[in-house]
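For clarity, chains are labelled A, B, C and D in written order, and residue numbers in each chain start from 1.
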Amino acid sequence: MSDGVGTKGRDWLMDRVVFRQWCRVPVRYNDLDPLGHVNNTATAIFFEEARCQLITPKLKAHGAHVDMVLAATSIDYRRELHYPGEVEIGTVLTRLGSKSFSLAHGIFQDGICAGTGEVVLVVFDLERRTALAPPDDVRAFLETLKAA
Amino acid sequence: MSDGVGTKGRDWLMDRVVFRQWCRVPVRYNDLDPLGHVNNTATAIFFEEARCQLITPKLKAHGAHVDMVLAATSIDYRRELHYPGEVEIGTVLTRLGSKSFSLAHGIFQDGICAGTGEVVLVVFDLERRTALAPPDDVRAFLETLKAA
Amino acid sequence: MSDGVGTKGRDWLMDRVVFRQWCRVPVRYNDLDPLGHVNNTATAIFFEEARCQLITPKLKAHGAHVDMVLAATSIDYRRELHYPGEVEIGTVLTRLGSKSFSLAHGIFQDGICAGTGEVVLVVFDLERRTALAPPDDVRAFLETLKAA
Amino acid sequence: MSDGVGTKGRDWLMDRVVFRQWCRVPVRYNDLDPLGHVNNTATAIFFEEARCQLITPKLKAHGAHVDMVLAATSIDYRRELHYPGEVEIGTVLTRLGSKSFSLAHGIFQDGICAGTGEVVLVVFDLERRTALAPPDDVRAFLETLKAA
């Protein structure tokens, strides 16, 4: 594909040292599909879980109406994920704009990279239904997630 | 983001005329999340549904062990999807390789494009655990999905 | 089991004529589990879909804060559900209390009963966080769902 | 309801001392629904997870074709489950038949019982598609799950 669905541009995310934060999620039997492995959509759930654990509490500290919405996502599936087991999701910030930012993730099981990906998130005021500049402390926190 | 998670490269998929096949899926209450709209992971489920309806039967006609696995996916979220309602998923082939191919999708609700995306699929022998050249009739079918 | 998880008490729900309303839901590939059939939790989703299509709009007509919550559910799994295909969910009212009511369901695929069950629902004010007597028109509607 | 969907018959499961085994599962953001609490269907997933962690490995030790299928389930919803957080699922055996058995569960969050339920499971030969007497060691293990 011409524009980045291919995995090559994200090979750097297979190395655990690039990540600034980690989240651990046990795989559930319910994540499996007829092929006996974790269904592809579970990886999107794992990425969601990583950002909700890491960033949502910082946003919600400014009010229940402060949240983020997903603008784009991209995932490279590199190996099967198995059950039982758990996954580790690494997170690193790849872009910090005025009202949006991008996170890159690696997903690992038993120490081996099973997938990589990126997401574009927009800080969002749920009441006014508009994008929002992240509050200063959130911006400062996001800065700590930048690649070293 | 530098490499294609951004939506611009896929704006052409917002036009219904580019798609060669369509699949309709009713939204479920269970697709909703705390923001009251369809959760982002449901879009991955809708893409999965489109290809399983369209292509899986052609593969399975060659044996239960002939299937496809997802190598990469990319989704642009352009509008909220609502419940109750249904979505229409348009499909067009963007690449046909020796053992893999790429599909692009647009997802529409009430006639309006709510998202676009692409997936890379590998034809796979589930018994031998190896990639497989698609059988001739499958290849011929995939050709019919090419953009006009 | 001593108290009704067994299926015998609900055999009458295997007969389509007992139902007052029907809802059709296409099965999704994503409903399947490693056994290659529809996972048990999907049946709970199908029951949820039936009541959300049938009753939620009647409640919401009285304000976004008027809803129902599930107090109890019971499902008998009688046959496997398959993909591709669709299910039909039949609904009949089995009890109408002052603030709660019970629905019984049958789930059919290709005309054959694959499961039966019952749910207890409480009409609920989401703002005040208390149970609510159903508005008169909702009560009148629920009466129409009673077994003949 | 006349036959056990009501919660009273299972009040004894609100006491943690009755359970013989425990399983811990982190709640995911993806378990939430538009009411902002964990969706009812997640409780069925938590029960499934408890039995898959506890019993499936004992069955699979006798071959990939030895499994169990769900014949019936019943859940009482007593309190909302929240995110972030985790749930603890307690398990106790309530019946051990020749080819099937029943488990009762309690689900707890922050030490408080949020739900109770029972499931009927049939030991199953996936190849022959027939119910199976559980192997001796599995039967011995199930005996250890009996209420004291």
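One rule holds for everything that comes next: a residue touches a chain if its C-beta (ideal position, glycine included) is under 8 Å from a C-beta of that chain, and two chains touch if they have at least 3 such contacts.
The model shown is predicted, which means the values in this text are computed figures rather than measured ones.
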Most distant chain from subunit C by Cα centroid: A
Pair with more cross-chain C-beta pairs in contact, given A-C and C-D: C-D
Rounded Å distance, subunit A centre to subunit C centre (Cα mean): 35
Inter-chain centre distance, subunit A versus subunit D - centres from mean C-alpha coordinates, in Å: 31
Geometric centre distance via CA averages, subunit D-subunit C, whole Å: 21
Where subunit C touches two or more other chains, by residue: 29-30, 41, 45, 48
Contact footprint of subunit D on subunit B as seen in their complex: 29-30, 32-34, 36, 39, 41
Complex contacts: residues of subunit D adjacent to subunit C: 1-7, 9-10, 35, 40-41, 44-45, 48, 67, 69-77, 94-95, 102, 118-120, 126
Residue numbers on subunit A that touch subunit D, as the complex places them: 25-26, 28-30, 45, 48-49, 52-53, 56, 84
